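Got a structure for you, written out below as C-alpha cells; questions coming shortly.
Naming follows writing order (A, B and C), and every chain is counted from residue 1.
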C-alpha cells in the first residue's frame, strides 16, 4: 500500500508567495533585480498572462490545522427513545422481553438510554445494545435502532463511592471535580452498579432538593412503590450539616455549591458508576 | 481497474434509500411534501437565501450564505465524527480508514473556519440523527460519497453569490477541497472519479430539499424539566 | 500576505516554488516593483482574467492531447489522460465562447519532454492540475458576478482532476482543509520548473 510520499513537484504546486512583489511583466521576462527600463519582447510562447492581473484576494480566514479525534476511549453515547418499545434479551424480534421503554420520564423529559453496542439481525435490521432505567444494576438489553433518536456524545463520567461518601467527575479520564455526598441509609440504600444521568430539573422551588436535581437511571431496590418510580436523584440539600453521611432514601445529596458546579460540568447522558 | 463508464447516481450509492429519496425530491418529484421548516436550520435560516433575481448581494446575504454553509458543515462533520467515534471507520480497510479520518478532520476544520468568520452571527449546532447510517461501513461510505458531491453543488452554487471578495476567496478554497473529497471518495468506491467536465451548481432550495429527505436534522431532545423532583430523596 | 497551507495544515510563509525564500532573494524580488493590487471587478478585467485562465486550459488541453499517443501511458493513467483531456478541451471551448473575439489564440507549445514517459507525465499532470485549481481560486474573487458564475463549474472540476491524479500517484488527494490561491507569477514559475513552459527571458 502506498504511503503519502511527497515529491518535489508536490511542494512546488502547493505554495505561492505574495511577499515577492513580482510584477507579471518581470516574471515573464525572468529578470531578477536590476533595472526594468528596457523591455525585451515578451515571448508569447512562455506567456501565461500578458497583461497585469490583480493578485489573489486573501481568504477571509486563517486555515486551521486539521485535528484528529482524541479521547475516544472516554466517550459515551446516549440516545432519546423515539417510540415506546420492548427491550429484548437478544438482537432478535423473537427474543424474550426484559423491559419496556417509554418515551418520557416521570419528569416529562425525553427518556434516554446509553448506547453500548450494535448488531444487525438476520434480516439486516440494525439493533442497539442499550443500558436502560431499572432497579437492577445490570439493566442492558437490545432495541431496534429505529426506535431511538440521534446520538448525544459525552466525555464525562461520574463515580459515586458509597463507602468513601464521595462523588468524583472525570472528563476524558481526568478528574475535574470531587465532592462529599450523602447517600442512602442502610434501610434504603443507594443501589450500586452502572447507570447514567437521565435528566436535569431546575427552576423548581423546593429547598429539600436544593437548586438543581439530576435524575438517574437508577431505582431504589427498596422503595419500589415510590411515586414516580422511585428513581435515585443527585441533588442539593437544605441539610448540608448531614453531609457526608448515610442519611437519605437512596438519593445522592451534595451541598448546594457543589451541585451547582456539577451542573456546569456534567451533561445529561453522563454515565454514572456507583460503587 | 476502475470502470470509468460507470456514472454515479445517488441511487446507486445509497442502498437503504435515504438519499435516493432525496434525489427524487430534488429533481422535482411530487412525492415529498414541502415542509415548512428548513432542513438545516430554522425557516429564518432560509430567509434571505433565495436564489431568485430579487436577491440582493451584500453583507446580509453573505452572512446568510455562510450560515447555511456552516449548517451543512455541521452535518458533515457530525457524520464523520460519529462514524469514527463509534468505531465504524476503524472496521474499514486501511485506505478507506485514512480517507474517512482525513475527511472528518477537514470537515471539523471547515466548521471552525466558518464559525470564526461568522463570530457572533454563527448559527448554533443543530442536533442530528444519522439513523444508523454511521454505524455500518457500507451505508456510511455510500452516503459520504453522495454528501460530498452535494457539498460541491452547494458551494459551487453559492460561491459566486458571495459579495465580499475575501469571503468569496474563502468559499472557493473550501469548494475545491470538497471536490477533492468527492473525487477521492468516488475512486474508493470504484466509480468514475470525475464524471463531468463541468460541475452543476444547486440552489439552496434544492440542497435543502435533499437534506430534508434524509431526515438527519432533528429537534434537540428535551432533557431538562421544571417540575419539583419526585426522586426518592 | 496570503497564509500558505501545506499538508497537515501547517503554515509556511514566504515560499516560492517550494523553496523558503532567503532574505537576499526576497530583496531582489521586492526590487521589481509592487504587485498589482486587487482591482475592483470589471468586464474589462474579466476579459484579462479569463484569457489567463484560457491560457492554462490551452496548456492542459495540449498536454493531454500530446500524452494521448498510444503506448505512452497505461491503465488508469491512460484513462485519466483521456477523460481529463476531454474535460480540458471543453473548458477551452467554454472559455473561448465566453471571450468571443477577445479570446487569446492557442499558443504553440513544446510538451514532448513532459509527456515522454509515465513518471514525467505524472509529475507534470500534478503540477498542471494543482496549479490550475489554485489559479482559479486566486482569480475567482476578482471576477464580476457574471464572470465568477461562469467559471465556478470549472474550478471544482480542476480540483477533482488534481485529487484524481494525486490518488493515482499514491499521494494524499486532499492535502489541506483549505486550498491555496496562486498568483500569476506563481503559476508561471510552477510551470517553468515543471518544464511545461520554457523559462522566460
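Keep in mind that, in the parts below, contacts are C-beta pairs under 8 Å (C-beta built on N, C-alpha and C of every residue); 3 or more make two chains touch, one makes a residue touch a chain.
On a predicted model such as this, the values are computed, not experimentally measured, just so you know.
Undergrad: Busiest chain-chain interface by contact pairs, anyone?
TA: The chain pair sharing the largest number of C-beta contacts is A-C.
Undergrad: Would you mind checking which chain's mean C-alpha position lies nearest the centre of all protein C-alpha atoms?
TA: That would be chain B.
Undergrad: With chain centres taken as the means of their Cα atoms, state the distance from chain A to chain C in Å.
TA: 43
Undergrad: So how far apart, in whole Å, are chain B and chain C when each is placed at the average of its C-alpha atoms?
TA: Each chain's C-alpha centroid was found; their separation is 28 Å.
Undergrad: Let me have the rounded angstrom distance from the C-alpha centre of chain A over to the C-alpha centre of chain B, please.
TA: Using C-alpha averages as centres, the distance is 21 Å.
Undergrad: Counting only residues that touch at least two other chains, what does the list for chain B look like?
TA: Residue numbers touching two or more other chains: 102, 105-106, 109, 113, 165-166, 168-170, 173.
Undergrad: In chain C, which residues are in touch with two or more of the other chains?
TA: In chain C, 9, 38, 137, 141-142, 172, 176-178, 180-181 touch at least two other chains.
Undergrad: On chain A, where are the residues touching two or more other chains?
TA: Correct list: 56-59, 61, 63-66.
Undergrad: Over in the complex, which chain C residues touch chain B? Could you list them?
TA: It comes out as residues 9, 38, 75-76, 79, 83-84, 86-87, 90-91, 94, 133, 136-137, 140-142, 145, 148-149, 152-164, 167, 172-174, 176-181.
Undergrad: Where on chain B is chain A touching in the complex?
TA: 81-82, 84-86, 94-95, 101-102, 104-106, 108-109, 112-113, 116-117, 127-132, 135-136, 164-170, 173, 218, 221-233
Undergrad: So in the complex, the part of chain A that touches chain C is made up of which residues?
TA: 2-24, 26-34, 36, 40, 43-59, 61-66
Undergrad: For chain C, which residues count as touching chain A in their complex?
TA: For chain C paired with chain A, touching residues are 1-18, 21, 25-26, 28-39, 45, 48-49, 51-52, 55-56, 107-109, 123, 126-127, 130-131, 134, 137-139, 141-142, 170-172, 175-178, 180-194, 197-201.
Undergrad: Provide the residue numbers of chain A that touch chain B in the complex, in ascending order.
TA: 1, 56-61, 63-69, 72, 75, 77, 80, 105-110, 112, 118, 120, 126, 145-146, 149-153, 184, 188, 198-206, 208-209, 213, 215, 220, 223, 226-228, 230-233, 235, 248-251, 268-269
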